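Per-chain residue numbering starts at 1, and chain names A, B, C, D, E and F are given in the order in which the chains are listed.
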């Protein structure tokens, strides 16, 4: 039996080497990335038995994605499509004041037509937990329906549903997102939301704790995780609030930090850890991710545990 | 006044370095390529005053294209679109038996919605010649209409219309192509067609000369160019047939060879050269192109002339 | 049930980019390679359910290997060793007269201590076929014993044993090799041997057919495959001889060609194809491999079938 | 009519990747750079119609330069020289304590023989503004005369003359520079000078404002800009002083920051902005430049405006 | 006569570009590094006549090492071994919290069998000073004996013996190291030890000065250098203590900093400088090293002197 | 005592990776190259004790050159110049019909001012042989005088003088070259000349043997070597003619082939081999060079001997 199954889009991430500008590129670094597959990889690497379900073009580009997940032992269960296109996105990374800029080129990708009836639904019934993000229902009408179906299906089989709001302003406006997400929330057991999204998209007010309490009360979440960027994260579980700071990192590539946090948290929590321990484990995973090129938390349990125990040491181990 | 105006799509061409496989890529080389813009660049580099008209996304990716054409002094006259996507394609280059494989990702690109009324139509009226290929009308219904409009418009203003069949089997089936192309041919002054496309798409039989004579008779072309790959090319002009062999090349990147031939031919012919001289000039340009990475004929008039005069010498000039 | 299980060493292959010399390197390309894992990958990619058993250091370098096999979906069943070193080798590639040179740095690698009792022996009992090469028993006394054990074990469970002589002059002298290999041959069902090794190592004389007949008679092989480099291959099966030429290729990296041939052959033959069809399938796989960087036959069944059907065409597919 | 014309040398900038040392290089990154062409590019990108006049070798190296400016739409008006050499310089970039080191190899480059009579003097008469720096007259006697001629010519045609002192200690000693520059200043309308150069080269004392007032009084500048590195800049205009701080940046490549400031300032001021607004626009442009590889301010008006409005935010836009 | 001779292992250092993880590498940067050869290079570059004695495989890999030292003019006196392997190590560089990780692959390398009788012992008798580190005796029993022999031999010929403790936890446990090192110390004239190693390995207590005084008293060192990482260094010489801070650096590659410090110190001290001046010279060398890729202090005397005089300035020199 | 001393210019060779065009370069590969230093390196690598005398700028660029020669153990005896520039040249490599193109940027380089009185003249008096090429006297009036002086000096000390005509059409016209060279020939013992240069520059007629006999008769050469490109070489020695074919090679970089031939020939002949053996050794060296990136014959005696013995085999040695 799979511990964790995720469903969503994984794309080719194309980014200029160094801090070059897209307008002037002669070469692009290629990574594979997607919120749900990132979480599956992190969880698998950190001890869970994870699977990722999706739909991809039956082409070298589609195989580039399953090959990347196969690196980490994630079991990809794919609906292969002969005709559809591969989702891609461009990332131009920079510090202030330029900032990192993402250009999506994911419209009409294979996954946008993934309907429940073509997916291996047993996967969702048989897993301990099912993870999906707010990106998936934003991608197409079909995917919104599929998201609803899968959350319902998981609920019917006692599969814990984990939903990360993950608002993307380049996909939909806040009001649309709010309406859709709040329709989905009743099926969700574990909510993950950035405090910024809770305010701007879900129209909540107050500090992270207030927001967590309000959302949990309204939607009856089993567990509510609120992330606050550099200010760490907070969990509300059975009425109790747990706070966790961030482990500092010399940043190299910050894309995928949130997914690393969720993957690390789930690897620990689904393995039976208490919520505060799982929070710390997620924070350590996220911190390591920030030092690693690409979206994926290419870490080992030993490394995460060392950060948990020793904190932010650096130096040379030889 | 512009000597040559072309209209069509220019894309980002993404290709793995060396002979790596797309399925295993970690980086991609980026070039800018499109049949009509390739011709504009070759013609401009070889002495014409060339312009390229198109529609592009208003993004760093769109600017990547105009920047690439600006390298060579081509005047890009662009309709900028805030929302549409950038056309891209992947090329995995290999020799036999693998062969070079192209994966298009150009559906719904900005240019596919380019209607005549938003284009700078003066450009086509004011130029000596207008070049377009069979790729453009294959991309969308809108572009088919625009192609018809522009050919008609050019004809009304005594702009010589040059049409390169350039059949792409991954865009449309032969029967559709034939029907569409033959509707366009009456507006065409100069036809360029590969003998293979003449047979497989236009259903013509016989050798290159027979095909040229049959097509010219049926559609009243002023000039008919038939290319035969390694067997060189043939021109039918005012009833007379001229043949031209290929200049041998140590091949490095063969994509864009046909466009280099047409660009070289037009640079010479529109400058007043006789047809056989222009054919030879085009063949020399095409030969040089085969030694150059990317789709573009990055050559000078001096280099083309040297090949025409001295043939296929190699060695070190120092 | 697994179709094919292989056992042997997989190493980091370190090679200078282009044709640079090792003496002057500033960077090295890294591939993962090993005769038996190469065969497993080719077979898996071409439709079999393949597993690879080995012993690796429990380090990022060891994981680099399983990650590479995971790319292709091969199931790695690994004994992880906390202390042992990773086998590596350096390859300096060049044409004539320099030739390609291999420097092994594989002494005392993890796998050299792999004894039968620590290996997952079920794997060998449960598979349809077991593939191993003459490299493995050459690596250590322990591995010679393990090789004997595994061949015996496979034989006891009706697992077809496939043995590729794969003589490596930098590992052992011909006389030692002959003595050892001929002790192992009685347990072998399918022998693969280069005609050159048959002559220089096994001291056989005559042409490929004579050698095949002599070896098959002496050791009672079910199937004897003799490879002849550019002259193709020959199979002796139930007294009948089948010959197969090579498909020509524009060579890019020839290392791993023999493994591609075996992997392709087995993918076809274990799937039920007749010997001559499997030979042709293997030859097509080997031909494609020669165009691909790295030791691995990064091909699809569709590509192999296209070569079988259409031969050595090149050109651009677009 | 051109808004801004600049005249000076543009060179190939050769720099080791990363922080490697020139003494140990195996490859060099190539950029095109020159103070006056940098300003032209920044101004063109930010909305002006800019031209650059110079003299270059008629070679692939010379075309490398015009190609680079063509990227950004700058109109290069070049005197091509069949024999002269291309100016180059080497930059080894490093932080403290090593520091960034420049090695010029620009002696006897094509531009050093550019006399007024071979230049397209209409360009300077017809532009709104003419920009040149103190580097140009330092390069040769001929260029000193040409600088004088062009400043006079511009003055005669109501073209605003902008002169950036840009002292280079590797080109001439301070005393020579002072003597020459002060002979040129009477023809200058807008002076740009670093406070450090004002002190060390022009022998001025006091703070930036005192220096600005003294220079403006002595040479009757319409506008005097004094830059102070990390302490921002100051403008004296019609007796009024305006100060502008710097926008902080995560630095990647600081070469060309001053030119970006001037280019941004001129794009805004020549477009009609008030001096303090233009100063802020220049500061934002300079800040963005510091995040970008190469000497050129590869920015858009939208990006500059965002920095002006929102300051130094970073983060991921997606 | 040679000023400084060193003896020890030099290895190929293989490191992923950027901050990539070894588990995911496709290419490795190659440097040559070893504590004693690093010191020889730094000393030679800074004015001494330095030689390095070692044993290497007679292969392109061995020549890669002498070639690297030949770059800097170091005289390599090598025992070439036809069979032995090349020592290598992998370095994965990262900031906090990941830290830089070293994986040694140096067991059974050529140098581990280097016995005194095969070495050019004149080298040690004829030099002013002999430098060796605690790494060398940790590598094999043979090398421990050779270390003892060479220290004795040097002592007999009035060659100053310099011993850097350089404890490597991945080579031996602290207790073993302490026992061995303290047997060697009586032959040592100049001891270099990190305060951390003095505490953890040599079991000393107190601050750096106390440790220096205790060690000097016990083993009668002529000079005792204690390094304290970011807190600088301290020398005890003829009863007097000298302290030296660090020069701050924008770090790029910190591996080899300690060797640069020792090399710089020796270049100055052996040339006749007073201890505090030599300390400062060593600190400046170390600071520059931190900005340079690879283990080697690729610096000039002029650069070191500039840092000594001007401190940590950065900026652009042009 | 040195076996071979050479004098001439060594430059930075800057070449685009792959077959890219200089007009479009973003990076350049850097090699160190010069006819006389190439010969010194080849000779040193193949067993002679070789030195190279020259004049270089005292800069990282000058040290880049001595560092490159130090790689191979060549003893560089350099006059360091604080001010002069470094000679560079650009090479754009391509096959037919483009051909390889060299752009020199070597005017006024440091070596052009090297006068006899500043050079270490003992070097030339003490060596067995002195090698120089026709490039050196073509570089400046001073170098022509120095060439005359050094040839005379060598002659006075029984140092064998070896002169390779090495005509460079981009340095001087044939008539000038002929006049100068024929003034130098009386001091020459061993002449090396390409048959093409003998015809075009020295105005000789007939086949290689006729030319050798005519030149030897006229200038009393001890040994006359005539190279004929793909047709091999010919030596005239004591009235006897020896011919040598070429060993075929898979070419990668042909620049420096002639120098490799001369270096190989001298390594063998100065070591006492008979002329035909030395010719064959030179041909083998040249053949290997053609497979190696850069101008330098990065080969070992073992490799050259293997080619001499086994010819042009390729394949994988493992």
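Assorted remarks:
We take it that a contact is a pair of C-beta atoms (placed from the backbone, for glycine too) under 8 Å apart; a residue touches a chain by one contact, two chains touch by 3 or more.
Note that the structure is a prediction, hence the values are computed from the model and not measured.
Common partners of chain B and chain C, by the touch rule above, are A, F.
Where chain A touches chain C, over half of the residue numbers in use are shared by the two copies, so each contributes mostly the same positions.
By residue number, more than half of the contact pairs of B-C reappear in one of the listed pairs B-F, D-F or A-C, namely B-F.
If each chain is reduced to the centroid of its CA atoms, chain D and chain E end up 46 Å from each other. Averaged C-alpha coordinates give centres for chain B and chain D that are 40 Å from one another.
A separation of 62 Å divides the Cα centre of chain C from that of chain D. Residue positions of chain A touching 2 or more other chains, listed in rising order: 21, 23-24, 26, 67, 71.
Which chains touch which is summed up as A-B, A-C, A-D, A-E, B-C, B-D, B-F, C-E, C-F, D-E, D-F, E-F. Within the complex formed with chain B, the chain C residues making contact are 71, 247-250, 252, 284, 287-288, 291-293, 298, 303, 307, 311-318.
In the complex of the two chains, the chain D residues touching chain E come out as 18-21, 23-24, 94-102, 104, 168-170, 254-255. Residue ranges of chain D in contact with chain F, taken from their complex: 14, 17, 21-30, 59-61, 63-64, 67, 85-86, 88, 90, 92, 103, 105, 107-108. Taken in their complex, chain A has these residues touching chain C: 66-68, 70-73.
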